[in-house]
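Structures are listed in the sections that come next.
Presented sequentially are two complexes of subunit A, the first with subunit B as partner and the second with subunit C.
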Partner chain A sequence: MTYGWLEFFTDPILRGPTIGSMLMCTASSIIGVIVFIRRRSLVGETLSHATYPGLILGAFLCSALPSFFEPALFCFLLGGAFIASVVAVFLLQVLQNRFRVKNDAALCFVLSSFFGVGVLLAGRMQNTHPVWFRQIQTFLYGQAATMTDLYIWIYGALFLSTVFFVTVFYHPLRLVYFDGTFASAVGFSVKKFERFFFFLLILAVIVAMKSVGVVLLSGMLIAPALSARKLTHRLPLMFWIAGLIGAFAGFFGNYLSVLLSVRFFAGNLVFPTGPMIVLLGSVFCFLILSFKERKKRKVPFVCYIEDVLKAFPEGREITCKEAARLIRRNVPFTFFLLQRARQNRWMERRGSYYWLSEEGALKAKEIIRLERLFGVYLNGLQQGGKADYKSASQIAAFLREEGNL
Partner chain B sequence: MSVFQENGMSGNYAIEIERLSVTYDASPVLWQIDLKIPKGKMVAILGPNGGGKSTLLKAVTGLLTPFSGRIKCLGKPYKKVGRQIAYVPQRSTVDWDFPVSVFDVVSMGCFGRKGLFKRIGKEDRQLIDQAMSDLGLTSLADRQIGELSGGQQQKVFLARALVQQPEIYLMDEPFSGVDLATEKTIVTLLKKLQTEGKTIVLVHHDLYSVSRYFDYGVLLSTALVASGPIEEIFVRENLLKTYGEHFSFFEDTKDIL
Partner chain C sequence: MIQFAVNPYTGRDFFGFFATLLQRIYLFFKGGAVTLVSDEIQCIVLLLLSLALAFLGSFLVAKQMTMVANALSHTLLVGIVIAFLILRSLSGSSVFSVSLDSVKTLWVGALITGLITTVSTQFLKHRFRVQEDASIGLVFTTLFAFGIFLVTVFTRNMHIGVEAIMGNIDALHVRDIEKTGLFTLVTLFMYLLFFRGFFSVAFDPGFSKSVGLPVKGLDYLLMILTAGGAIASFRAVGVLLFLALLVGPPLIAGLYTRSMKKIIALSFAVSFCCCMFSVALSRHMLTIYTMPLPTSGLFVTSLFIFYLVALGLRLLGRKNGLTYRIFCR
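Moving on to the complex of A and B:
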């Protein structure tokens, strides 16, 4: 059985999970940007874990209802999660303000204690309502596959309200979160926005719970925002990029999950959607990070070879291991550099011993002289041009006279 | 009833403070301050670390709730005239990794006047451009705020204050970590503002430059030691009272006074 791309949006079984996850991931990524720029990444993690006891209490409450139907259970679960995270926020504030607990300690405390209570309650539920217990477990790691068209509407509404909040409150958000002192000096209530922030965060947690799951959720909040931040320093663009990455991860998480589970492993090995989505987001983030970092410190490769030549003692024969110690690099890399130097005829070898060729020795001298001259020149520039050579052309002229260039 | 009404001089003062006390937990940071700052002056707030200089500014801008006392700006409570006062906090209070550009920060100055949900209009745009070119920031408009040097960062916050078009400027240590050239540019600009009739209040640390830059001073050490024109209050006795023994660290007091 194979699926085309389009079928993921039209097929009555597939479209629920696909569109649902995409909406959720986009919404949570957008809120993730706010969480990220506020440097509150750990708060997302804490609040998502804190929902666990709420989920189970919600289910217990629902079991007290005379009749059962699924949307009601779903609402009870979300309601329970919402209330639990509100309580968690409250507890965080009390810990920090009343008891003067440091931020990170308070977060750890709330995270583990709430999750612990959740696990305890879950143990009880496993005996009394085994079916519901299994359903709640899906909230832990996410399960998109059971979403129906109804969920598209629910999550569509949540998505739209997220976008609405962010666009309407864009300027206040930026002002208050960038410079709270200034904001309150010109008369905006920072406290209100702090509450608003937690409201948005809880919204994001609840939105993303079903697809990605409580445990993995903060990855979905932070990975797109982090990638976006690496790509731009413009806040509006950050929202767009993070949203797109979220949608991308949401779609391909589903796509790969179905493709791998159904097509390649014929159902023998299940690839759950939630982890797939988070993994895709993380991989994407990692790619962007490494790409950006490598671009920054790009040293021309020849520099490494020149380092070897400079450090090599003249007229002596040394082994690769010794050379590695001289240039403070690992042995395989040094070996590779030595081979490249040999290709350029700067280095000669007999057995495991290397020495500088005549050409190599000359080259080494030239490099050292050039570096010293430019050192003098640059130093002179920094001290206001008091160097022996006042311009690059003078240095070049000197070098030409010496016959080295 | 109050001091203000008795002498009927309210109109001439930028800031009037009556019996202000501020406490953190149980210990007082400001104690029973009575202070009047006339309009159109360049004012230095001086005092030792922990002397309550920043606290005074924060109390004036309503960032702190005072333990007791009354504060009036331009003859009215702060809340009514808040839009006419620009507060430039210490540089260390913002997150320098935040994704905003220089232009974004300067344009934030508009929101004080207009409210948060209005768009930036043509006039605002002109104000922003003017403020940025006054401080030589035009070429840096698109830079992320953290990529600037300390002096440039300070200039950005001053530009934001300019865009607010206030009557009173309150600046918390604007010269910390700023080189002499930048300090001069900022001072020149502030003097220009003073000639336009604005009141400028700075928390200042460098005693050597006080008499060159300012014409009015406030000496604070939890209690008010002295306030008035620099020539009158800047005497050895007052400085000793303000800085206590630490004043003897400034060896050649002749240079200062």
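Moving on to the complex of A and C:
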């Protein structure tokens, strides 16, 4: 059983999950950019875990309905998740602002306690509605496979609304997050905007829950945004790139999970989409990180040899051990440096004794002179450039007078 | 015929549970033959865990590193799987059967988990200049996804992934007491050795470095111990309860005292209360309402409620708090 690429978009069974998870991942990565800029990446983790009790409460509420049909259950689940994460945000704010709990402890505590309440309720649900319980468990690691065409419409609407919010509020968003003081000076309520930020975050969590899963959702918020940040310095481009990476991860995660289910489990077990999507997204992110890494300038090796030349006493013969003590390095490395110096004819050797050759002595003088020059120059710079000298030749003259050259 | 030991707690309600417990403890000290039953095993495991985690958690909260603990609780899956694979290849093909939950695997797993997580987070932060929270988030989601992938492919079973999060407290065995007890002993021993060091590093890293303490080494030790805690608790209660046990009690204790030793003692007391309360309540629910509830969920929920109550009391007890306004004006 193999599928072509295009079939994932046309086949009536496969197109629901594929398009659905692409939409979800794109939406969540776009919002991930905002979360990333705001430096609140771990709040996504807390809010996504906090939705779990909401999911189950939603299902309980739905069981009180007189008739049952699946989309209604789904809407109840999403609604419950929304409310639970709003409560979590509220609690977070109260803990941090009112009780001065440290940011990370508040996040961690809200995460674990909400999830714990969820586990408690889930234990109850396991006995009363075992089928729904299993359905909710798939939200933990995400499962796109059960989505029908109807879900494309639901998620299309959610996706469009996130894009709508981000485009409409793009300018205030940029203003508040890059220059908060200016924004508040202009009269913009940053506090209100914080609420809007949390609203967007909750929206992202709810949108991505079905395909990426509650547990790994924060990966989908972070990885595309981080890789976009490394690729560009411009905000609009960041949104586009993150969205594209999200769509890419959504498609291939879904593709691979179908492939894995067929290959390893002969279709008996549906491999969860969440881990695949997150793995792809973060592998992509790591690749970009390692390619875009800024290279450190290495100290040229000659520098170490020059250190030896500088430290060497003129007209004396010393052993390797003494030289090592002079430059404060270990003996083997000093030996190596001395050999390199001999190759350059700066050093001569008889037995275990070394001394500077004429060339070497000249070289050492030259180095010391240059270093002094730069030292004085840098010193002048540090004093605000108000030195007595105007050019390198003047510096050299000053130094000669002092007897340093 | 196999005769099952009758659980003396069957049919007991909330207070009956404590009565039976006291009776059995009395019997035990009188020298009677008492075999442990599942409720008592739950209690003992939870108590051992809460003792060790009160220490760990107080320091983590003080150092503001609880999110790293959260990351560790996710990455332990990959640590265990890697440890399992390494040990299996070391011991040759199934001569010594290395199981996924033997003590050796778990400890090597804890070591690997702690090291991998901390090193890679630091690497991302320093080498690639990623902001700290993003690097933590990226590392643990990646490793967790990878762990789930490995576990699912190797064991062809999705169940472990879910169990790692939820835990399965009802399936506890007497052997689990030994595992948890070993972890608690190691943690306590480390604390007796290094308490001063941990204390000084937590509150003044610069000073401790100038005095010559191995700041980084102590940090790594703390992380490895935390990973050990996550691994000791995940079979029994799930990583989730681990997190709650780690963060909740020190937070509650921190509302009332500022001294480190008092925080540790108070947080152990809080988790002790929560533990007894939740085990008894779970029995109560089963007896009275025939409603089996997971003890781990009950535990976290009761801790949550404790915290809210403590916050409320704090609000009331303030100098310009509610009680003051009502009665003292």
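Criterion: the second predicted complex is superposed on the first by the 286 of 405 C-alpha atoms of A that agree within 3 Å, B and C clash if a C-alpha of one lies under 4 Å from a C-alpha of the other, contacts with A are read in each partner's own complex, and residues count from 1 in each chain.
In this section, contacts are C-beta pairs under 8 Å (C-beta built on N, C-alpha and C of every residue); 3 or more make two chains touch, one makes a residue touch a chain.
Being a predicted model, the structure only gives us computed values, none of them experimental.
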Subunit C versus subunit B on the shared subunit A, clash or fit after superposition: fit
Touched partner set for A:104, first subunit B, second subunit C, both or neither: second
First (subunit B), second (subunit C), both or neither touched by A:186: first
Touching partner for A:275 - first (subunit B), second (subunit C), both, neither: second
Most subunit A residues touched (candidates subunit B, subunit C): C
Subunit B versus subunit C as contact partner of A:112, first or second or both or neither: second
Partner chain in contact with A:289 - subunit B first, subunit C second, else both or neither: second
Which superposed partner A:178 touches (first subunit B, second subunit C, both, neither): first
Which of subunit B and subunit C A:39 touches, first, second, both or neither: both
Contacts of A:223 with subunit B and subunit C, given as first, second, both or neither: second
Which superposed partner A:243 touches (first subunit B, second subunit C, both, neither): neither
Gap in Å between nearest CA atoms once subunit C and subunit B share a frame through chain A: 9
Overlapping contact positions on subunit A, where the subunit C interface meets the subunit B interface: 39
Contacting residues of subunit C [partner subunit A, same complex]: 61, 64-67, 69-70, 74, 124, 127-128, 130-131, 133-134, 136-138, 141-142, 144-146, 148-149, 152-153, 156, 158, 161-162, 165-166, 238, 240-241, 243-244, 246-248, 250-251, 255, 291-294, 296-301, 303-304, 307, 311, 314
Of all residues in subunit A, those that touch subunit B in their complex: 37, 39, 168, 171-172, 174-175, 177-182, 184-188, 229, 232-235, 238
For the subunit A and subunit C complex, residues of the former touching the latter: 36, 39-42, 44-45, 99, 101-105, 107-109, 111-113, 115-124, 127, 137, 140-141, 215-216, 218-219, 221-223, 225-226, 230, 260, 264-265, 269, 271-272, 274-276, 278-279, 282-283, 285-286, 289-290, 293
Residues of subunit B defined as touching subunit A within the complex: 61-63, 79, 82-83, 85, 87, 89, 93-95, 98-101, 104-105, 108, 111-112, 116-117, 144, 160, 164
